[in-house]
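Shared between the two complexes below is chain A, which pairs with chain B and chain C, respectively.
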Partner chain A sequence: MSIDVLAAGEAARPPLLRVSGVTKRYGAAVALHPIDLEVREGSFTAILGPSGCGKSTLLRLIAGFAEPSTGKVEIAGRDVTRLGPENRPTNMVFQGYGLFPHMSVAENVGFGLSIARRPRREIDQRVTEALALVRLEEFATRRISALSGGQQQRVALARALIMRPLILLLDEPLAALDLKLRQAMQTELRRIHRETGGTFIFVTHDQSEAFSLADNLIVMNEGRIEQAGVPQDVYMRPKTLFVSQFVGDTNILPGIRRGDHVELALGARFSSPGRQGQTTFVLRPEALRLDAATPGDAGHGGTALHGTIDEMLLLGGEARITLSIGNGETLVARLSDPRDGEAFRTGMKVTVSWAEKALIEVGVAA
Partner chain B sequence: MTGWPRMLRRGLALFPAFGILTGLFFMPIALLLAVSFWSVRSYRLVPGFALDAYARTFSFYGPLFISTMLIAAAVALLCVVVGFVFAYGARFRSGRYGDLFILATMITLFGGYLVKIYSWKAILSANGILNSTLLWLGLVDTPVSWFIFNRGAVIVALAHFLLPFAILPIYSALRNVPDITLEAARDLGASPWTTLVRVVLPQCKAGLVAAFAICFLSAAGDYVTPMFLGGGSGIMLGQFIVSEFSTRFNWPVGAAMSFSLMGVSALVISAIWLAVVGRRG
Partner chain C sequence: MMRIVAFAWSLVMGLLSVFLLGPLVLVAIFSFSSNALISFPMGDLTLKWYRDLFVNPDFYAALSNSLAIALPVALISTVTGTLAAYAFAEWRTRLGLPLLALLGLPVLLPPLVIAISLVVLYVRWLGLPLGRPAVIGGHVLVTQPLVAAVIASRMASFDFTVLEAARDLGASRWQTFWKVTLPQMRAAIVGAALIAFALSLDEFIIAVFTIGGGNTISTFVWGKIKTTLDPSINAIATILLLMTIGLTLIALRLTRYRG
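Showing the complex of A and B:
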């Protein structure tokens, strides 16, 4: 670990959330293997993973709805492991919102403050502020059933934010909304995060959602954290095969290392020292370069192979091209400018090349 | 042009159900309503329009009327409270066994009505199970006589019999309360009690009132339970409606009592519905 000089003043301060050695078992079934996790103040963290990976369990452990089998949860330096959600400085936006159907929008939003027996005037004022933050000022007296899904989502957000939680937890916040509304809500969430300066943690199975919102990404699979870091970094340098597949599209290239060279199953051979024997590399589709086949040379300083175009998909903003390389291997290439794709036809012979640094080794595939 | 035959067809389709309802339910009730304004002279019904029967209902039977309403209200209240506790436990504290508990409740209905009354008699009477146990334990020297033949015994037995009818609507109302609203309340700092009062109860109040109405109406109209457990003098209006129709052969008064009971019960239920659920439902 490098020492960050700028952060020296903060070095003494613990991270806002620290999860250490947390596991969760339900009888014999293990929902979470030991999890270690730190979230700093002000971050917008996404916990990304397929359904059943334990991400919701982890969120509920942070919220206090479940107790870990082992391990510790600390918020702002305080051990909250044994505290229930009512005693934690966190608030949650539930999947499906969990709004109170028998109350108006304002009553829903003011519920937490009214439980805390705040004075009427303070409640009214803070409800107005919270509704303004989510742009629902006009809806204060409406009944919940008279709201659309997107509006209900905002009420749920306001109801949690009014409590000024140290950490706002969101469980699949946008899953129930249609595409257009989801995109609008993403913008809204980023704005609200900026305006409140709070710390948000959300759970999602949608990688595009994670990338568009988060500045800190945690990828989970089968009860384990596969990789954590800045989203772009996770995308560019996946540590495991799972991460490379789950976060974006990828080409999986098995190979064998002998001496200082690796030979990929699709025929390429390049210099790469490391552990001997079976290994796997991944290659992002956009890292591939296609040229109309020019026999003889491969002059990009990388690897070049010959292939045939099997299939071309023009997806509006991009072109996806499936190539067969011979001996049954295929590669997928993505051209971000579809005009580049117009030069190619199905059945054409092409040269495919990539820069060597685009190859990421993820170890032996399971 | 085409509206006519369609209406006719619709009318024909409705006729069997409507006919049965009219013939077997509304007609007898309408007849009885008419009779309640008649009078009796030397054991013969005389048609006419007199309010004597109603006058007698509310003057002579007035105190009994109030006592009947109070017994019915006590039974209904007991059923709603115990029923809510049971249904709440089945809904929120029993995991996947909740439905099983409700099924078990329904099975107790197979036992029948009279069986339950006789069971209570066997439990509460002077030489019954309760007294034998107390004597055996040495807690009393002589059998306790006030366990039976009074309002308390009637209320307990009626509540016991009607409890499943209260549990069912309350349970179904609680099934419609999303778990997530309870979690949300807890997340916002609510204690279990606050959650119950401010989140669970308001969401199931229609079910509570329905349970109250079912139990109240059944209890108010009952005459068998007080006959067996209420003592010799009679404590509920139903017992006297029976005697007016049979031994006294005063149909107008019996009918007037029936309609008064129905009307007042309907008023009580409506008032409670308006007070608890409100106009918006």
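Showing the complex of A and C:
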């Protein structure tokens, strides 16, 4: 009952951003196939994909730097498809920041408000607030060239946030920073998102960045949205082979379904009704369980196979083990506690098993 | 051995510098000499030749012509050259560089060829009278490519993201140009204008062909050489030299133009 009420409430309130049927062509080249997308208010959305997948194009279409070839972009129920960037309730943090080198930090941050001809006092006050939000109060009078990369990033953030955009767009916001700074900035971004309560959409090719920031994940490939949803859900239940490979490591297991049973090329056989013929399953490395013993029984209701350890990588916090399973097939297992790995040696014979629900069918590989 | 080679090279370079700069230095020195001929011994120091110049109405006519030409030349070539460089840079197409090179063609042609073609163009084809506007047109032809080159080299290090950032923050195209592009380009533009001004000021061949009646500073000097070897020429040369060097120094400093 309560679910019904919630659904009704959701329907009454349109999503903050709705992209419907949007395509983008450059001459004969198709950058975006028809894209449908909804982003609700207050979310932190990541558009994740390899370079050239169209994610930046999509962001630029939302910002107004490009016009879609077909389709519609709506923000807060208003059609903004034909509006330029200066007339949209969005602001962007650019990949190279695009700060104005001839202005001070405060002038950069106040630029949008001065263009909007706000009174001097209001500008000064809001600049102070925005700089406080990104923790750069001390730097107001500095020149841009006197700032580090991380500080410039914060100025770019403050300059966009001061406009109180309905949607803040970030194009690879952390790509130019080194690892330590990137992690610190991720924490900062989460805090700023929480404190402003705004709607953030960012583009990235780095899945760990997407997972650590976003509560809504959109995976793109070759101009299409492959899957959208809660990050954990996308990871656990990838809909396509691409998603399973791009989001985390995976074992790809081709198989054939005959009747109600599937037989994997690895040799495992299990009950699974569905479309007949060739199919593909994926299996996350951490779902594999290794046992040194040579048991005759499959034990816990899953599938068990025999294999030989080919290679062991101890990566500090985890162990990665490559196994060969007879007939030329290999599997990769990940043990999140490397101490579990100490029992194994290269060349050892082991039993590998997994729970059946860990197998995700992604259809026939293209 | 190495030392001897190094010394020989320094000597060659030194002599070459003397050979190239010597006449300039001599001209400057003799502009202060009381001798009527350029000869040693130098005679007394005097400012007579400068005084002669400044009481000569022909000199003023030539100077005012030169300024009336150089100022519009600097203005026009700066505007057109800047716009051209800006457009080529903003398109960022493969066409940009060839177009810029095409625009620069007049610099590569011998000035004599340009001068003659201009006269033919003005008189035969356009039916325009020779005179100041004709010289201005000719000078713009050769100064504009240099302006474009200076601006284009500045553009090469221009971050175009700032333009999108400005638009994103609500600025119109026009506001973006005035508040973001121009302030960053200002030094290069002023420098380019000074270079154009200096080039126009001492340009001779195009001026002599297209001025019709009257003189610019350089044709005035030429006229004087033809009649008498009057040392006031030295005075004019020294003035021109100082102006050109001064403007160029300021321009180089402003633009940080290298090459």
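We take it that the second predicted complex is superposed on the first by the 356 of 366 C-alpha atoms of A that agree within 3 Å, B and C clash if a C-alpha of one lies under 4 Å from a C-alpha of the other, contacts with A are read in each partner's own complex, and residues count from 1 in each chain.
Note that in this section contacts are C-beta pairs under 8 Å (C-beta built on N, C-alpha and C of every residue); 3 or more make two chains touch, one makes a residue touch a chain.
Computed from a prediction, not measured in an experiment: that's the story for all the values here.
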{"item": "Fit-or-clash call for chain B and chain C when the two complexes are aligned on chain A", "value": "clash"}
{"item": "First, second, both or neither for A:Ala63, with chain B first and chain C second", "value": "both"}
{"item": "Which superposed partner A:His102 touches (first chain B, second chain C, both, neither)", "value": "both"}
{"item": "Partner chain in contact with A:Arg154 - chain B first, chain C second, else both or neither", "value": "neither"}
{"item": "First (chain B), second (chain C), both or neither touched by A:Gly84", "value": "both"}
{"item": "On chain A, the residue positions that both chain B and chain C contact, one per complex", "value": "63, 65, 84-86, 90-92, 94, 96-102, 111-112, 115-116, 159-160, 163"}
{"item": "Touch list for chain A against partner chain B, complex", "value": "63, 65, 84-86, 90-92, 94, 96-102, 111-112, 115-116, 159-160, 163"}
{"item": "Residues of chain C touching chain A in the complex", "value": "159, 161-162, 164-172, 175, 179-180, 183-184"}
{"item": "Touching residues on chain A, where the partner in the complex is chain C", "value": "63, 65, 84-86, 90-92, 94-102, 111-112, 115-116, 159-160, 163"}
{"item": "Of all residues in chain B, those that touch chain A in their complex", "value": "178, 180-181, 183-191, 194, 198-199, 202-203"}
